[in-house]
Every structure is written in C-alpha cells, then in structure tokens.
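Presented sequentially are two complexes of subunit A, the first with subunit B as partner and the second with subunit C.
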Partner chain A sequence: MDVRSQISLVFHLDKCIGCHTCSVACKNVWTDREGTDYMWWNNVETKPGTGYPTKWEDQEAYKGGWKTDGKDLELRSTSKRKIVPNIFHNPSQPSLDDYYEPWTYDYSELFNAPEGDDQPVARPISMITGEPLEIEAGPNWDDDLGGSEVYAANDTNLDVLSEEQQQQMKAIERMVMFYLPRICNHCLNPACVASCPSGAMYKRGEDGIVLINQDRCRAWRSCISACPYKKTYYNWSTGKSEKCILCFPRLEAGEAPACFHSCVGRIRYLGNVLYDADLIKEAALCPDDELVEAQRRTILDPNDPTVVEAATRCGIPEAVIDSARKSPAYRFAKEWKLGLPLHVEYRTFPMLFYVPPLLPVMSISEGDLVRSDVDELFAEIEKARAPIGYLGKLFAGGNEGKVRYALRKQLAVRVWRRHVTVGDVGLEAATQALIEADCSPEEADEIYKLTALSTWEDRFVIPPFQREMAMEMITDPHEHRSAAGFGFRDAPRRS
Partner chain B sequence: MNEFVLFGVLPYVVMVVFFIVTIQRYRLKAFSYSSLSSQFLENQHHFWGSVPFHYGILVVLFGHVLGFLAPKTILSWNAEPARLMLLEVTGIAFAVLTLVGLANIMIRRCTSALTRRVTTRGDWIVYALLLVQVLTGIGVAVFHGWGSSWFATNLTPWLWSLVKLSPDVSFVAPLPFMVKAHIVNAFLLIGFFPFTRLVHILVVPNPYLWRRTQVVIWNWDRTKIHNHD
Partner chain C sequence: MLNKIHRLSLSLSAPVAAALLSVTPSVALAQDAPSEETIEYFRQNCMSCHTIGGGPLTGPDLKGVTERADEAWLVDFILDPKAVIDSGDPYAAELLREARGVYMTQVPGLDRAKAEKLVRLIVAESAKERSLFAGLEISDRPLTEADVERGRALFMGTAVYENGAPACISCHTASGIGGLGGGRLGPDLTDAYARLEGRKALSAWLGAPPSLVMQPVFKNHALDGEEILAIVAYLKSVAESEANEGPTSILQFVLLGFGGSALLLLLFDFLWRGRYRATRRPLISDSKHARMGSSS
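Our next item is the complex of A and B:
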C-alpha cells in the first residue's frame, strides 16, 4: 500500500448559479499578464455546449487522455512512441482559433473623437497584435445558450442520446442547461505530466497539486494536447505552458484558493483524501463503466487503522491524516457517493468531483399560463430535463446507474428534510424515499448540513502543509536560504 | 594571414563564446531556454515550415558529423561512383528540403500578424544566417561537386587540427570562395547560437524516452521514511 495525500475538490452543480465570479477572481490573481490573456484557469461552461476551448471534449480531434487495450495504458497523443515524429509540429494541438483572440478596446477614441453627430465608439483591438479586430468569439461565448443549434447542438456528449431525445432537449419548453465550472482536476494519473518531454511537469508529493516548472518547460506543447480537459495553456509570449496552481501559495497559508473563496453559490468544497498509488494502474485498465467505482476504490478510509498505519509508514504526518477524516471531498465522493468525476473515461482520474444537478421539471407554460407539472412535491428523477444518459456520459463513463444513485439520494434528502422542517411529507413516505436511495436519516441530515448550511470551515478543510518542516528534512534551512534565496530570476520575456 | 584569422582563430573564439554563454545562460537564465514555438498562433503554415526544415537540417547535419567522425568510411563508400552519386543526391535533396522549410518559416513569420508579434530581432539574425548557410551549402554541392569526398580529405583533417589545438589552415586555403563562405558562416551561426532561441537544440528531451511515466516531486526524503514493501 503506497498511501499518499491528495487535495481533492467537490463542485456542487445544483448550487452553481453561473455568475463567473470564480473565473474573474482567478483571472485577476493569476492570468492578467501578456501571453496569459486568453487563459481561463477557471472557467464556467454552459452544458449542453461546446465549452472552452471549443469542443474540448472531442478527443478524436485533440487526442487527450489515455487509451487502453485492457493490458496497458498509452497516451492518445504524444506517447513515447509518437513524440519523435511529432515534436516539430504537434498535429493535435489547439490553436488560438480554438480559444479566441484576446481583445481590449481603444478607449482613447472616446475622448479624442472629433465632434460630430455620431456617438464615439471604442473599437475593439487585439491584445496580441494591437490591430483592430472583428470579435468572433470570446470566453463563455455560448453562455446560457443551452438549446442553441450553433453551440449546444455540437456538444459531443449528445451522441449517446437518441435523435428523439436530442430534439426533446432542444424543444423550448424542455430546454435544459446547467453550469459546469472547470479548473485543473489535479488528476491522480495526469496525462499532461506523463506527456511532458522535458519532465517539467510534476505532481507535488505531499498534496498532489500538478505544477509546471517554468524553468524546465521548453514549449514542446505535449501537455496541451495530452490534457483531455485542456487545462494547460500555452503562454504565447514567454513560450512556456501554464496552468491552474490551485492557489498553492494561498493553501500553504491556510486560505482557500481564490475561485473557492469567492464562490457566491458556495458550491465548492476542498479537502484532502488518502489514496493508494499502487491501485491506480489497475484501476485505469478497467472498462469505461467500471471506472467510477475503480477510482473510488483507490481512495482510502482515513478511519481504518490499517490505512492509518500504512499512511504513517509512508511519511504522512498525523495532522494530515486527521485532516483527511474531516474532508468534505471524502464524504461527497467516497462516503456518500454523490461526487462523480468529469469524463472519467479519459482515465486520468480527476480529483475534482461534481455533484450532478437534479434539474427537475417544475412547471410547464401553456399560452399565458404556467402550471405545475408535478403531482408530487418533487418530480421523479427520470422526469428530469437532462436525460440521465447525457449526465452519465459526462460524469460516469457512461454508467447511468452512478448518476441515478447520486440524483436519487439528493432527491431523498430533499424529501426527508421536507418531512422534518415543513411536515407535509409523512414519515413513512420520507423513510421510504431514504431507503430507496440507500441513505439513512443521519446521513441525510449530514448531506443537508454540508450542502445547505456549511460554513467556511466546513467547506474548506485545508491540511497543514508543514513546508518549513519538509524543507528541513532535505536541507539545512540556513544553508538553503543562502544557496537559493535571492537572485538570478528575471522577468519572463522573449529573448 | 587573413586565412589564419578566419580558419585558425575564429573557430576558437566562437567555441569559447559558445561554451561560456550557453552554460552561464543555463545556470542563470534557465527560463529563457525554450523552443519558443509559435504553432499556437498559426497552425497551418507552421507544418510546411517547421517539419521539412527540421528533418532536412537533421539529415544534413548528420552527414557533416559523419564526415568529421568517420572520413574513412565515407571515402570507402564513395569508391563506387554509383554510391557516391547516391550520397550526393541524398545530401542535395535534404538540403533543398531544408531550404523549402526555411523559406516557409520566413514567409510565415512575415505574413501572419500574430507570428510577427512574437518574432524578435534575434530570430531574424538566426533566419538570415541559416539562409546564407543553406544557400552556400547547396551552391557548394551543385558547383563544387563530390563534397562528401573532399570534405573527408580536406576539411576533416583541418577540423581535427583545430581539435588538437594546432590549427593547420593549409587544408582550407586552396578551397573555393563559396566553401570558405559556408565555413565562416557556420562559425558565425555557432557564435550567435547561445544568444538566440537555437539553444533549444541543447535541451532536446531525450530522457523522456526512458523516464518513468509519472513525475512526483517530494519535499521530504521518501527513501528514508518510506519502507515500501
């Protein structure tokens, strides 16, 4: 048993209101520099939709993630075999067109325009060339366009649905959309790290955060096509790839990452989990529909004495194990089985889990009237507007049962709480709903509390990083300071 | 005297600059070691520049190195006229491939507004030197044929005399102007090398082919604590 600690994340999609506060917080902190202007380490997509970069889920084109023949794993893009012929031109690399050309406005025209009959206009200009620009796309260009023929219809996940179901999803009264906030998943089996020819990318051993060593990145661009989530970005100015760093400087100071801290809907949870690194390969070889369960198996129970013993032997400090016991990520993803990984079939084992949205049909409009469509208080999950098949493709490698389980349990918690707080649902019906959803009243209360009432401390259980101690284990800090403290760093620029 | 400066002194000056600057740059400004790819900004034309150029120049360079390291092998191969012809034609073909690639790279750098934005003066110096190098190389191959043989008999001994620190320029002195231009420009290229993006050649990622798939960096010494069974 090779026990390691990993920062794991949960996004509760039923709570996301699509306000993009997370994206803006991240942008302001990390990617407001030249070359990073088009990067959105955190972005919020509308589903169904094509996302950012456009159609990032189309792995036929981008060749992201791993593929397996059941015996071995291979990168779909530049595996060791394929790097040599592809290093001069990466055939599956997205280009600026797949994102958008960043722009600003020439505000001086507002002040300098000569007097005339027309209102002066600030023309859009490219942030790369400085030339005037026709804006054709931007971040969140398909925001809220869940039924659009141009955007939503090109969602690659719709393939699993029948033609009839697809048409239904577009029908105006059944129009379905929900928000999908995305950051780097800090995967257990990251394709980006595995693909980096320079070995510049790595997982931090103590918390699993995936980072790019900027001094070693040589712009071979393998990570960009290898990451199936397109969460490494190429800085066109410095010639280095950059990605979400999970605000590790904030985490090390005990603060939540900027996007987590600023989240208005409080949909985000963060905590560490213990996992067994020895199980990853075996898990990654499973067929698509078994992957969710396989990934859950790699996550260990921090209350199990054998796990604690093994973790201690692997050098994980007691305080970190203790933190894993309180982790909201552990509860959502493993204990309650509500958290599901995004596109687990890419076999990178993302450590960001999504609680799938319920999206019930609550009412139907007939002419000027709006009437309730449900006889009962809560609609059946099968009646939900987003077909389970669609959610299954997104969150469970096609295993609809996993999605159904998570949705049913969420619904049961609502029924149960309705019984407790309002009382118009009988005890028998409420208990029955819980039993059907494999949930106890105590668990339902816990889920309710962590979902609806959670405080900052409940949502973000940040393990102590103890980097100062870690440093002492490698070198004498005084020696380290004099050897590596200052100097030799200069501003990133093209030479 | 002139000959001695160009072929007996310049190579040493260039090599000293090359080693000192590349090493210091790696030590102090590792961040600047990058291939500075612009494929992200322009994805179509890129293929027709970068791919033929790199494959062409790799083969041509390999030929030069082979002539330097194994002149006898080259000479015995060339003893048969048909084989000599084959070697010459192969060399010219890959040189032309290099030229096509380089031309595409330069056109692409001019025509696309996006790539113009990330093209520096250093890039143009590299392109100009490379263009002169490839053109003189093709010129030598066409007008002063059988270079693979006389490289082995004349230039290899001269290069080895440089390595042995007793430069003997008499091997080079009688050669035609175009050959001399090719040689001098080659050393200029090496001299500019450490100041430009060409340093990416030195960090070609060969360890990738042998390293473990995943990279994990620990901030504690795992071998001491971790008695993994």
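Our next item is the complex of A and C:
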C-alpha cells in the first residue's frame, strides 16, 4: 500500500449560480499578465454547451487523456513512436480561435475623442495584436445557452441521448441548463505530466498539486494536447506553459484558493484525502462504467487503523492524516458517494468531484399565490429535465446508476428536511425516501449541514502543509546551516 | 645521366638558374633515385594523360621528352601550360594540335621545386627499359556485352568497386540511366568516350582520375583493370546509343523535382490526415449551412 495525501475538491453544482466570480478572482490573481490574457485557469461553462476551448470534450479532435486496450494504458495524443514524426509541431491543440482572441476596449477614446456629432465609443482592441478586432467569440460565449443552436446543439455529451430526448431538451418549456465551473482537476493519473518530454511537469509529493516547472518547460506543448480537460495553456509571451496551481502559496499559508474563497454560492469544498497509489493503474484499466467505483477504491478511509499505519509508514504526518478525517471531499466523494468525477472515462482520475445538479424545485402559481405544498414539489428524478443519460456521460463514464444514486440521495435529504422543518411530509414517507436512497437520518442531517449551513472551516479543511518536512524530499534543510547569517544571496565580506 | 642534368642546368637562362640555386638542397637529393613522394605525385596527377614509353594518351608519351624540349621550358610548361601555349610558342602550339585542342590541366598546388622533381623523374624513368609509368596494363581484348552490363552495374552502384571507390552515379549522370538521372556534381558522361578519344585515353583517365574533385576521392581507392574495362565498355555503349536519346535535360529534372515535391506534400497530407484543423469556425459555418438548408 503506497499511501499518499492529495488535496481533493468538490463543486456542488446544485448550488452554482453561474456568476463567474471564481473566474474573475482567478484572472485577477494569476492570469492578467501578457501572454496569459486568453487563459482561464478557472472558467464556468453552461451545460449543454461546447465550453472553453470550443468542444474540449471532443477527444477525437483534441486527443486528450488515456486510452486502454484492457492491458495497458496509452496516451491518446503521443507516444515514443509518434513524437518523432511530429517533432516540429505538436498537433491536436486548440488554436487561438478555439479559445478566443482576448480583447480589451480602447477606453481612452471615451475621454480623448474630439468633439463630433457622434457619441464616442470604446472600440474592442485585441490584446495580442493591439489592433481593433471584430469580436467573434469569448471564453463563455455560450453562457446561459447563448447561441444554443450552434453551441449547445454541438455538445458532445448529447450523443448518448435518443433523437427524441434531444428534441425534448430543446423544447422551450422544458429547456434545461446548469453551470459547470472547471479548474485543473489535479488528477491522480495526469496525462499532462505523462506527456511532458522535458520533465517539467510534476505532481507535488505532499499534496498532489500538479505544477509546471517554468525553468524546465521547453514549450513542447505536449501537455496541452494530452490534458483532456484542456487546462494547461501556452503562454505565448514567455514561451512556457502554465496552469492552475491551486493557489498553493495561499494553501501553504492556510488560505483557500482564490476561486474557492470568492465563491458566492459557496459551492466549493476542499480537503485532503489519502489514496493508494498502487491501485491507480489497475483502476485505470477498468471498463468505462466501472471507473467511478474504481477511483473510489483508490481513496482510503483515514479512520481505518491499517490505513493509518500504512500512511505513517509512507511518511504522512499525523496532522495530515487527521485533516483527512475531517475532509469534506472525503465525505462527498467516498462516504456519501455524492461527488462524481468529470469525464472519468479519460482515465486521468480527476480529484475534483462534482455533486450533480438536482432538478429545480417546482411550484405552481395560482393567481398571485405561489403554492409550494403540492405533491410534485420534488418530482421524480427520472422526470428531471436534464436526462440522467446526459449526466451519466458527464460524471460517471456512462454509468447512469452512479448519477441516479447521487441524485436520489440529494432528493431524499430534501424530503427529510421538509419533514423536519415544515412537517408537511410524514415521517413514514420521509424515512421511506431515505431508505430508498441508502441514507440514514443522521447522514441526511450531515449532508444537509455541509450543503446548506457550512462555514468556512467546514468547507475548507486545509491540511498543514509542513513545508519544512516537504522540503526534505528534495533538499537537505541543514545544507545552509552555519553557512548563512545575513545576506543569503550576497554574503557580507571584507572588501 | 647525371652529366646530362649538369649539362642541361648549365644551359639554363640566368633567372631560372638563380631559382635553381635557391633550391640546391633538393637538387642534391634529386641526384639520388626519385623520391616515393614524387612517384606518387606523378601517378596521381600525370598518369591519366601521359605515359612514359607507353604511347600517347590525351597527352604525348613523355619518354625522352628532355630531348625534344629543354628542362626549363618543360618546368615552365608544367607550371602553367595555358600561359606557354598562349604565348605563341611554336612547339606548344604543335603539342596542342596533337592533343586535338585539349589544354593540359594546371595542377593546383604545384611549385617550381616539385615541377623540377617531376622533370627529373621523367628523365630517370625514360632511361629505364620499362618505366613504372608505361601505362596501365589494360587488356586489349574485345569488349563484350557482359562488360557493358557490369560497367552499367558499377556506374549505377548496384555492383561495388573492389577498392571501395564510390559509384559513378553519385556525381555523374549519363544518358539512359533512368528518370531522375545521376548526380549533378560532375559532368554528364554521355559523351565521355568520344570526348577522350576512345578506349586507351579513357582507360588511362580512369586509372588515375586527375580532376580536382575526383583525384582526392580516388587516391586511395583506385579502380582495377577489369573494372576500368567494364566502365569503358559501358560508356562506349552509352556514347553509341546516344544518337537516339539526348542527355537528360535540366528542364526534365526541374519538372521531376516539382512533381516529386507535389507528390510528397500529398503523401504528408494523407499520412497526417487525422491532424487537428479547427473546431470553432467549422462549427459556426456548419450550423449556418444547416439552418439555411432547413429554412429553404
């Protein structure tokens, strides 16, 4: 058992209001430099939709992630054999057009324009060429189903639905959408790291954060093709690739990452989990519909004495193990089985889990009165507007059962809480709903608390980073002992 | 013989004598047998056109040449044949006529001392019953069809030279060797047989190619007699069949180049047919087409 600690994340989609505050927070902190202007380490997509970059889920075109023949794993984008004929140009990368050409506005025109008959306007200016440009696309161009006939209609996940179901989704009175905020998943089996020819990419030993060493990156851009989530980006100014660093400087100081901290809907949860690295390969070879369960198997129970013993043997500090016991990510993903990985069929094992969105609460309006005491208040999940098949394709490698389980449990919690707080649902019906959803009343209360009432401390259980110990993995902390006093870089000396 | 040299040197004009005096040590040396170095030098640079007692090739037989012209004149001629010929010297003009208008090559890097050594070597060799340079022993047997075949194989490089010399095709082309022709570094050899006036001179040329480019290449990889014969046979057959097929033209070559490049590009296009092109723009234009199609 090779136990390691990993920062794991949960996004509760039922709570996301699609406000893009996370994206803006991230942009302001990390990607407002030249060359990074087109990057959105954090972005929020509307589903159904083609996302950013356009149709990133279409691995036929972008060749991201892993493929398997059941015996071995292979990157879809590259291999030792493929790298030679493609040495001058790494193919299968989104072009700037597939992201979008970043722009700003010529605001000075508003103040400096000479007097004339027309109102002065701030023309859009390309942030790359500095020339005026015709805006054709943006990072959230299909927000709220905008341009749905082009974008939503081309969502690759719709392929699993029948023609009839697709038509139903398009019908105006049944139209459905939800938001999908995306950051780097800091995968257990990252394709980007595997593809890097320079060895610039690595997964931090102590917390599993995937990073690009800016000194070693040689702009091969293999990571850009290989990452199925298209979450590594090429900085055209520095000639290095960059990606979400999960705000590790903030984490090391005990702060939540910027996008987590700023989340208005408080949909984001963060905590570490313990996993068994020895199980990853075996898990990655499973068929698509078993992948969710296989990934859950790699996550270990931090309360299990054998796990704790193995973790201690693997050098994980007691404080980190203790933090894993309180981790909301562990509870959502493993204990309650509510958190599901996005596109687990890419076999990178993303450590960002999504709680699938439940159907909207229905009510009926009678004149001025909105009635919320009707039987259909919580409709059957099978009748949900977002077809289970679609969610299954997104979050469970096509295994609808996993999505159904998560939705049913969420629904049962609502029914249970209705019984507890309003009381118009009988104890028997509420208990029955919980039993059907494989949930105990205590668990339902826990889920309710962590979903609806959670504080900063509940949502972000940041493990102690113990940099002083993590440092020992790569350098000897005693190296500079008795060698440095003041002036680390330029030691004072007699001249 | 030594007396003869002394006598000759006495008759030299004053400036040449002065030059000779300045190289007295080498004169002293030359009074012994000619050095290996000089023999080798002669073999590599002179033998392709001259024999000593083997009859004329492209250039005249050098046996007893010092009786036909004095040594100073010979040295001057060796150092810069064209200058002497162009100066209107009657003997030089006659030589040019005998060589059917082929000027003797000016050997690069040759200096007066070396030229004198060469002359001395010729004198020494002329005195011998059979000189080292009586000419390559190449059989006089009639050339057969098999020789032509073998010659073609050697030319094309499908057969290998015994001493590891490079195949002719790497630098030369000739009529009838196929679409792409041979190399373009050396001249087209289609009419080499005619140019060198036949078998004997061509064989001698091949025995020690004197040209600036070939000389260093073949220095340590000489062709043997049978190989020379085969090549001669092949070049003869090429020259004789040349009437119905002209030398490969530059235009043909250029056209082949363009055609080949186009084919290669098509091949690349096919091999990388699964390459990524674009996503968003096609998405927009496709759905526009689809909408226009459904509305009409």
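The rule is simple: the second predicted complex is superposed on the first by the 451 of 495 C-alpha atoms of A that agree within 3 Å, B and C clash if a C-alpha of one lies under 4 Å from a C-alpha of the other, contacts with A are read in each partner's own complex, and residues count from 1 in each chain.
What we mean here is this: a contact is a pair of C-beta atoms (placed from the backbone, for glycine too) under 8 Å apart; a residue touches a chain by one contact, two chains touch by 3 or more.
Everything quoted here is computed from the prediction, not taken from an experiment.
Superposition of the two structures on subunit A leads subunit B and subunit C into a clash. Looking at the shared chain after the overlay, A:71 reaches neither subunit B nor subunit C. Contact with subunit B, but none with subunit C, is seen for A:314 once the two complexes are overlaid on the shared chain.
In the superposition on chain A, contact is made by A:95 with both subunit B and subunit C.
For subunit A, the partner with contacts to more residues, out of subunit B and subunit C, is B. When the two structures are aligned on the shared chain, A:50 is found in touch with subunit C, with no touch to subunit B. By the document's definition of touching, of the two partners only subunit B reaches A:238; subunit C does not.
After superposition on chain A, the stretch of subunit B that runs into subunit C among 60-68, 78-86 or 186-194 is 78-86. On subunit A, the surface patch touched by subunit B in one complex and by subunit C in the other comprises residues 93-95, 97. Contact residues of subunit A toward subunit B in the complex are 2, 80, 83, 88-90, 93-97, 101, 128-129, 131, 189-190, 193-194, 196-199, 201-206, 214-221, 224, 234, 236-240, 313-315, 467, 470-471, 473-474, 488-490, 492, 494-495.
Residues of subunit C touching subunit A in their complex: 271-272, 275-276, 278-281, 283-284, 287, 291.
Taken in their complex, subunit A has these residues touching subunit C: 50, 53-55, 58, 61-63, 85, 91-95, 97-98, 137, 149-151, 153-154. Here subunit B touches subunit A in the complex through residues 27-43, 46-47, 50-51, 53-55, 113-114, 116-118, 120, 122, 195-197, 200, 203, 205, 207-209, 211, 213-222, 225-228, going by the rule given at the top.
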